[in-house]
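The same subunit A turns up in both complexes below, where it pairs with subunit B and then with subunit C.
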Partner chain A sequence: MNQLTRSQIRDLMEQVLKNQGKVLPDDDAADLREIGFRSLDFSELALRVEDETGEELNFDAPGLRRIATVGDVLDFLLQLQQQ
Partner chain B sequence: MSDLVDAQLVPPATVVLVSGGSRGLGLAIVTDLLGRGLKVAAFARTVTPELEKLAAEHPDRVHVGSVDVTDQQASQAFVKEVEQRLGPIDGIVNNAAVGQDSLHVHTSTDGIARIIETNLTAPLQLTRFVVRRMFAKGLKGRIVNITSICAQRGFPGLVAYSATKGGMDAATRSLARELGGRVLANAVAPGFFASEMSAVLGQTQLDQIVRRTPTGHLTEPEEVVPVVRMLLCEQTNINGQVIVVDGAASI
Partner chain C sequence: MSHATSRTVPAAHGEPAGLDNRVVVGGTALTWRTLPDVRLPEPAAALADSGRDALAAARHHATHGTELLLTTLSRVDDTMRADLRDSGFTVTTLRDGVPESVPPARPRPAEPGRLWLLTSGSTGRPKRVGHTLESLTTVRGTQAGRTWLCPYAPGSYAWWQVVTLSLTQPGQDLVVVEPGELDDWPAIAAAHGVDAASGTPTFWRRTIYRDGAALSRVPLRQITLGGEPVDQAILDQLRELFPAARISWIYASSEVGASIVVHDGQAGFPVRWLDQAAAGRPTLSVRDEELVISSPYHGVGLDGPVRTGDRVRIEGDRVLITGRLDSDEINVGGSKASAGAVRDVLTAHPAVAWARVTGRRAPLLGRMVVADVVLTPGAEQPDEAALVRWCADRLPEHAVPRRIRVLTEIPVKETLKSDV
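Entry: the complex of A and B
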């Protein structure tokens, strides 16, 4: 299965934020609330990853609620790709 | 009441089928109806020790089984078993359902189909079968559909689930019309209550619901049960209604 690397996902995340005039910090520990990355932005990012890989990434909301930092987003999407 | 009106009334249910009676609200309904002296049949995919215990305590008034409501053959066979053991069914509570906690765009298409099959298609099919049996025997009866406040208010993460509950509310109204007073059909729509289904809600969400509820607490299954019992057992002329039990959270 075609999978994106952590840095490729980071690039996509940067694009999602850039479209809204926001900047993705380099620090993986950056707080999503502070950079204005909301749950629907996560949806958009997940769908962009799907577009790249051609595989659907379906998941329940509780997993999403635990996501608080940039690193959490990247880890979650890496993990989803492996399922 | 005049004799003419009396003859038209739908008598209280005596043998009630409760789908999803193994835990949560369904188990509370089964327990309550048994406590009132009714005969009760209950099924779920897994029969829990709690349900087994009730069956052992009231061997003449309870029939339980392990049935998947989406398996029409198994559901219909169960209905026939119940008729043999307890007598003709004159009340049905469509309570079995699966929940959802995923954004629509991230719910698999299979997942959407499963929710619709369990929460909408299967109860319609089961109701059809039970009402056919009632009519064939010249019986009157009562239907209570357990729906949800989600049918009337929007909640993220519950798109397919809400659609099924709205579908059941709509079906309830049309059933009431179609069954011409021979069968009373109503729905009970609870607000969120603690159960396996709602366990996915985070503490922040639960706190938020409580804050928005004028009565200051989440609905308890014990607060829903008397409404279900009333619709099954009391003489009220309530028909085709959806009764919300949510402490005015949605008002």
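Entry: the complex of A and C
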């Protein structure tokens, strides 16, 4: 299975924000609310990961968890690829 | 088992008024009268291999009133053949004017004058809708002489619209384009003096995209659009190419016939047309965002208000038809987006020749709006981010397509529609 690295997912996240006229900070601890990364952006990022890997992500698998920072998003998508 | 049939056919209809109109098919100029004669059993399910075979079958019906279901050879699979034979039809393949027939599994008496159309049906399985030549003929008043292009698949509702016009009105000639000739139709049309053409918005977009210069050489005086939602962008593009032509869009289906005809060059129809009951005219209504039509041109068994399955929205003083109810509404995290409205915004971009908008499964929100586009050759090519910004300036946030894929060619089906 073709998996993206954390760094590749970060590049995609940067692209999603750039398309919205926003900037992704270098700090993984940055708060998503403060940088304006919202549900629509998260969903778009997930679709971009799917398009890059050619695999559908299974969002039902890991269960709900708190996603509050940039690092949470990257970890979550990294984990989803491994399901 | 197959055999040529020689069953006799009762005369019912008589000579159609347009019998001496010119009919160009396969590059050869004939008239309805000089088309090869074809003998059909009845009731017949005629599977035509070419436009010429289909026209010959239509003329046979118009002259003799033979109960007929007419479609293309490629549209009918083995299951459908068996179903037709179970329903009492002799299944007749027409190739170069030669009929080959398989008798019905359950013979029944024919219903003189009956014409059957195969529609796509809501289940994806074709269903039969009963008509007559009369109920399929929607242009009745005397018309200026025209040479019409017929680009449609034989036996479809749109095909019958053009064919009945030519069969029933003197001075309405016909130039038939076979599916294999579709990409070159402007050259064929220009060579044979076509000055009126009817097609889906996808058909027109595709033609402008492939070779707008070739299209502008066709001396069109009447341009008709139908079969799909008609947006302002395509009407404006055609107006620019043909400033003097009458540009009309028509809402018609095998279920309710031709019910809306608009000539003012604007997308949608005036709000004041809603709920206006008049004898002999369709009544248009909106129920729960769905277009509902009571039509005198309905298919058999479909009298009274018919829910069309088409979604509408009212914008200012116009009623816009945005797409099919089951595919137009995209629920993005509880907020509703109209695929048709998003498509209209995309096609209004000067560099977008065609767009398809759909919902795609997405986390958190359930679905997200995504799009495929074909860009206009020669125009400055926007990237995905620029198209997203274009939409973001014109649509609510949840309706903005976040993934926009650029295709190299406008996809088209046999019906000349896209899956939009």
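Please note the rule applied: the second predicted complex is superposed on the first by the 77 of 83 C-alpha atoms of A that agree within 3 Å, B and C clash if a C-alpha of one lies under 4 Å from a C-alpha of the other, contacts with A are read in each partner's own complex, and residues count from 1 in each chain.
Throughout what follows, contacts are C-beta pairs under 8 Å (C-beta built on N, C-alpha and C of every residue); 3 or more make two chains touch, one makes a residue touch a chain.
All values derive from a computational prediction rather than experimental measurement.
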item	value
Subunit B versus subunit C as contact partner of A:L57, first or second or both or neither	both
Contacts of A:K18 with subunit B and subunit C, given as first, second, both or neither	second
Partner chain in contact with A:A46 - subunit B first, subunit C second, else both or neither	both
Common interface residues of subunit A - those touching subunit B in one complex and subunit C in the other	39, 43, 46-47, 56-57, 59
Interfacial residue positions of subunit B with respect to subunit A in the complex	101-103, 105-108, 111, 156-157, 200, 202
For the subunit C and subunit A complex, residues of the former touching the latter	332-333, 360-365, 368, 370, 384-385, 388-389, 397-398, 402-403
Residues of subunit A that touch subunit C when the two form their complex	16, 18-19, 39-40, 42-44, 46-48, 51, 56-57, 59
Subunit A - residues contacting subunit B, complex	39, 43, 46-47, 56-62, 64-65
